[in-house]
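What follows is a pair of complexes built around subunit A, which joins subunit B in one and subunit C in the other.
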Partner chain A sequence: MKVKQKFINRNSHWVLLSPYIILFCLFILIPVISAVVLSFTYFNAVQPPKFIGLKNYISLLTQDTVFMQKVLPNTIKYALIVGPGGYILSFIFAWMLAQIPKIPRTIIAILIYLPSMTSGVMMSTIWSIIFSGNQLGYLNSFLIEIGMITEPIQWLQSPEYLMTIVIIVALWSSMGVGFLAMLAGVLNVNEELYDAAYIDGVSNRFQEIIYVTIPSMKPQMLFGAVMAIVNTFTTSGLGVALSGSNPTPQYAAQLIVNHIEDYGFIRYEMGYAAAASVVLLVIVWIASRFSWSLFGEKD
Partner chain B sequence: MITRKSYIHFVILIFILILTISSLSFAEISNENATAYSYTISEDGVWVRTQDAYLVGNILFKDLNLKSPEDIFIRNEKIYIAEGGNGQIVIVDINNSNNINYVGKGILNMPTGVFVDEKGRILVADYGLGEVVMFDSNGELLRRYKRPESIVFGQKANYNPRKVVSDKMGNIYIVSEGTYDGIIQLSEDGEFLGYFGANITYLSFGEALLNLIFTKEQQAQLFNIIPKTFYNLAIDDEGLIYTITQGVGRNAIKKHNVSGNNILKQANRMISEPNFVDITVGNYNQIYALTETGLIYEYDSEGNLIYSFGGRAISTERNGFFTVPVGIAVDQVDNVYILDKERGIVHVFYPTAITNMTHEAISLYEKGKYIESMSYWQEILKLSGRSRIAHNGLGKAYFQSQDYEKAAEHFKIANNKIDYSEAYWEIRNLWLQNNIATILIVVFLVWVLWRIVKLLDKKYGILNVFRNFFRKTKEVKLVSDVLYMGRFMLHPIDSSYDIKHGKKASVMSATLVYVLAFIAFVLDYLFKGFIFNPRDFREVSYLYVIMIFGLPLALWVVSNYLVSTLNDGEGKFRDVYCTTSYALAPLVLFMPIVTLLSYVITLNEGFIIQFASVAIWVWCGVLIFVSLKEIHNFSVGGVIKNILLTLFLMFVIVIAYFIVYMLGSEAFNFIYTLIKEASYRIG
Partner chain C sequence: MASLKSRRINPDKFHKSQLKFYAILIPVSAFMVLPILFIIFHAFKPIDELFAYPPRFFTTRPTLDNFKRLFTATTESNVPVSRYLFNSVVSTLFTVLFTLWVTASAGYVLSKKNFKGKDTLFTINTLALMFVPVAVSIPRFLVIVKLGLIDNFFAHILPLLAMPVGLFLVKQFIDQIPDSLIEAAKIDGASDYYILMKIIIPLIKPALSTVAILAFQTSWNSIESSAMFINDESLKTFAFYMNTLVSTTGNTVAGQGMAAAASLIMFLPNLILFIILQSRVMDTMMYSGLK
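So, the complex of A and B:
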């Protein structure tokens, strides 16, 4: 009896933990592990996977010229601009919104948040009208009207413009969950802190932000940063949605996720796609470690 | 900028070249035949003399007494000349110059353009009649193409044909004087098909802005922008139309596709003249264009300049110099014929061996036979070592045969960054493939070693020696002050406060930081990797580099101090001096990394370099802004006002300096001449 009681006492926490553990295993651990395992195999979704060791990684890093020449530079460029850019924009909008009364604030917050909610659909409808390739597209029509160009430009099909457009659209839709968290963070800052800071010599809004707002909303800042990083690396269907083809024209806006989709769901080279996604996982992990060291609690 | 040294090199090079030529087999072409030197574009983008590309041969038609001939055309070993003065077409056999025929006598008035199609029919644009006339090969009148009556052509549109060509389908292309809409295109039956490939006008940004604001009437009053008209045209075997436009800086030569767009690859980088009068296409699709002053430019089919030769007869009439050149034509063996209107003669130029080789190499290259073209390019480089086009061609041939090292070498000589970057990418990729295992192992070993050292350090403190050393060095005030950069960069507000209250930094340390920043700047400005380096450090004067770095900074510090003292700024001169230097910390710490990176990065990843450079400068700017705010205790608006005022004062100082300088030199001159005059009078 005593043994049983002891056993229950020692291990009952597992019962309490089980919902989380089961869900975590089911939705995160098992997929990640199976992706890692698959990345060491040749798997075409028809025949059973065949173990080929590190071959996928070796060919990804040394033979896949598209990956090294287009995809990786594109991804770095996209991440460097959209990640910090979207993050800073989210903070600025959140801070500005926090300054206005409640009702307009709620309405505007919803409006700003909207693009990231409806992502794919709205993006391709609205933006493909603006950047449409014929003279009826808004941008082309405007430029022709003022005489800057004489014939319409194929914005979404020409490699030299596509990446820029994708970045603009991505920035526009980057006010996601991170933005909401930051808005909540700014609103939650104790008003008395500001008064105290003014007594201590803070003299303007800028110092207010640096000395009070940001330090007291560090958790939200961290959350926003991690969300921004994960979002930039994973929500990259934009180029494909806008240009209407995968691969994008001359791989101009090909990001790692597009590359993975290309290999996984078009060419059915699952093993290779899994290897690419493991590389993506590593990149995201490194990036979030970096943001953790910037904003995380240091204790 | 040609320095004396490079000039001497150049002379030696020419000397060696001459020696090589005389020892080679085709020395029988004597050098004196060329009345004008041939030039090409050298590897560093300047004109250089090269081997004679074409030599002057016969002068034709001396005794024909041509009266102001206007155009020359060659097909099937026959020369056709539109003789404007006598209203006829003169046809002469190339091989037998006694076999002369005349066409169109009594019909033509003042023919200005002549063209012969594949069936041998002769098309004549007659400016005097204002129509295009077609004869068959025997000289019988076939058709007259009068002004098109179609409504589309318009009632008021000009129709003054000057030049004409036709394509294989029989469509006729007419360059008409005063027709701004492009080339008039007629069908064989004389039906107006439309305008072809008009020149377009460009709006500057300001004009576009005004266009947005102004009403239609105002626009009509203000702008009267009319596109340039085409001056002359030619057609090649594939039916592509080439045109020239006078008086333009860019796109003077255009190669039109079917829809009229310019398809020359080098379109915007083409070396051209604003006064071309005639154009023709050679057997390898090379383009020849003739200027009013008698220069002949030869381009390859992409628009790269190959040679330039010829010239104007200034005081004496010599073979190979022209008085009023109006027409150019090429026969089947690449002899170039130049028609001189004033003297009524035709000069013939024969290509030399090197030109034939160049043509052969280019045509092989364009057909995709890179390996075959290689030996030609090598031969050409032996003869004319500074030819950019040869280095480029050889580089591309090596690239195609996957010899990337050699390709990179030649692209580098030709200063061709885009292709060099491609070749370098391949080299780097190969290196990575071969060494990736080693790199990974080394990284892993270093990591393990680091771990072990750290572990040992924790137990036995083996790193204490270094630690003590660093602590000792840090205790030196100057070193710690300079290292303060790191903190300043991340916490500009607190650090500026410390500097302002004299806790950190000194004039000495700030000066040191300025020196470091200058070094970083010079490295970035002059010594980046080849792909990202737009400058050649041999050509930049060191004084200039010091000026562009030091002058703005010195002006900034001084004027900011002056402006701020008047604007209730709290900062002392020392504060402005120190914080400005510390604000350059990102430049000192990160720019060298960017400079190093530029050696291993290709254009593919080039945005990293640009992004990093911009980020560093923006960071410096933010630091300056924040530190100004702190040391002067301004509000944000106050800082912006302060910065604008400072910039204005800098501007005023520069202007004042120039005024003083000019007045001073005037005064000096005045006194100097006065003394001279006085000494002359007295003496």
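So, the complex of A and C:
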């Protein structure tokens, strides 16, 4: 008993760390590694995986016309607008909020943060009522009222609108933890730095942001960027939720996440889906590296 | 200098130079909040107002009909809605508690203990900040199968417990606590477990509140576990039920009213928790910088 007690005390750091490490390995590390391994196999969830080398990647990049013509361009378009767009907007809002007194700031910050608390299913409930395809839909009835259209538009079923709607909804919900971090960052910039900068010749607020605010809150900028990237890809399944079908009408808002689900859980081509997952993880990794090179501290 | 003071960051009171910020921020916050207000009004509309053309934003005769219909409705397998709600409450409660426990102890070790491999572990965790769970839903599913957790209630809880963002925020927050405090306790003969429970945890309540909110949101809103890991209808969660409700009755008007009521039930706990804890969250975010 004594020996056991001693062991527990001497190795307390491992005892305390082990739950996290075990769970981390089981649900983050092993899934990522097995995605990579599975991506080199043919696996239909019934028979054991069969090694087929790079074949999944080759067909993903050369034969999967849906992937190359729709899914990849859609994902890039979506990610470029929602990622940097949402990120820049959350910085601008955070900066503006820092310019007003505490009580209105807190209220407005909560209002802006609210949508990020809604989950995928809530988002699709809210927005599918607003964009409902008959004249009872709020947007349709509004547009008919002001005379812009005469017939209700099937917003969520028409390929030409669906992607735009997905992007708007994703931006709407993108002011999350990263936004709060940047708000805290702006508020914590040392005020003397501003005075010093004005003496050194900074003459307007834009220069102030570029030369003082952003350089002094780089760590928060980076944290915000990583959160923006993660959020962008986490919410990217939205097209399916809004249109109610996978694949989305004419693949209009089909993103990699939907493609993975389509192949993995609808067609049970899990090796192939894993290859698409690896492509997604690589995109996320490249985006994060890029943010790191912008805001990371060079040693 | 006076003009400079009046437009500095974090002003004490209103000044007319701030008007231009309000002019942008107020419409923006209206855009953000209107869809949510709209779903709240929608939830309380009687059925003829749900049908009304042109649709109205406000409700003139609020009723609880939608909630009543929601709670009397049952799925094909005869599982009452309260059962889903109960499952959600229990799984969320356990997820939050376990996440706090796992994160606080790991955060303490990574911040204050010295041992081989510590920096590597923290670097791995920082890399994992960019982990996107949806990308690996298939291998995650396979892990759950291998662990024999299919149709086990813990499948709702275990996959959510390791939260890299949470560990990161907690560790950064503990870094601010002076080492001398811990040294003093050590000299008095306190074990690490004692220090963690009696010194660290009371001091890091803001960071733990933030982790609690994040864990709550992830668990309460999650449909992944119910959709993929659980086949037994009576073990599924409210978020999942709402998802089926929306996809099966979403296009009918009565379904919309029920979906709106369900949305409100989903949303309110998130909102209340955040309003209560928001100042602690902001305190935590001061230390959120990534270097």
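Here is the rule we use: the second predicted complex is superposed on the first by the 270 of 299 C-alpha atoms of A that agree within 3 Å, B and C clash if a C-alpha of one lies under 4 Å from a C-alpha of the other, contacts with A are read in each partner's own complex, and residues count from 1 in each chain.
In this text, a contact is a pair of C-beta atoms (placed from the backbone, for glycine too) under 8 Å apart; a residue touches a chain by one contact, two chains touch by 3 or more.
None of these values were measured; they are calculated from a predicted model.
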- Query: Between subunit B and subunit C, positioned on subunit A by superposition, is the outcome a clash or a fit?
  - Reply: fit
- Message: Rounded to the nearest 10 degrees, how wide is the angle at the Cα centre of subunit A between the Cα centres of subunit B and subunit C?
- Response: 130
- Could you say whether A:L280 touches subunit B, subunit C, both of them, or neither, answering first, second, both or neither? second
- Query: Touching A:Q135, do we find subunit B (first), subunit C (second), both, or neither?
  - Reply: second
- Message: With both complexes superposed on chain A, which partner does A:G201 reach: first (subunit B), second (subunit C), both or neither?
- Response: neither
- The chain contacting more residues of subunit A, comparing subunit B with subunit C, is C
- Message: In the overlaid three-chain picture, which partner chain does A:P48 touch, first (subunit B) or second (subunit C), both, or neither?
- Response: neither
- Task: Once the two complexes are aligned on their shared chain, state how close subunit B comes to subunit C by Cα atoms, in whole Å.
- Result: 12
- Contact residues of subunit A, present in both the subunit B and the subunit C interface: 205
- Item | Residue ranges of subunit C touching subunit A (in the complex, touch as defined) | 4, 7-14, 18, 21-22, 24-26, 28-29, 31-33, 35-36, 38-39, 42, 51, 53-55, 57, 101-103, 105-106, 108-110, 113, 115, 121, 125, 128-140, 142-143, 147, 158-159, 161-162, 164-165, 167, 191-193, 196, 214, 217, 220-223, 228, 239, 242-243, 246-247, 250, 253, 256, 259-260, 262-263, 266-267, 270-271, 274-275, 278, 281-282, 285-286, 288-291
- Query: Any idea which subunit A residues touch subunit B in the complex?
  - Reply: 58, 61-63, 65, 68-70, 73, 76-77, 80-81, 146-148, 150, 203-207, 210
- Query: Quick one: in the complex, what on subunit B touches subunit A?
  - Reply: 200, 203, 207-208, 211-212, 425, 429, 432-433, 436, 493, 604-605, 607-608, 611, 629, 633, 635-636
- Query: Given the complex with subunit C, which residues does subunit A contribute to the contact?
  - Reply: 9, 12-13, 16-17, 19-21, 23-24, 26-28, 30-32, 34-35, 38, 93, 96-102, 104, 106, 108-115, 117-122, 124-130, 135-138, 141, 145, 172, 175, 177, 180-181, 183-189, 191, 194-195, 198, 205, 217-220, 222-223, 226-227, 229-230, 233-234, 236-237, 244, 257, 260-261, 264-265, 270, 273-274, 277, 280-281, 284-285, 288, 295-297
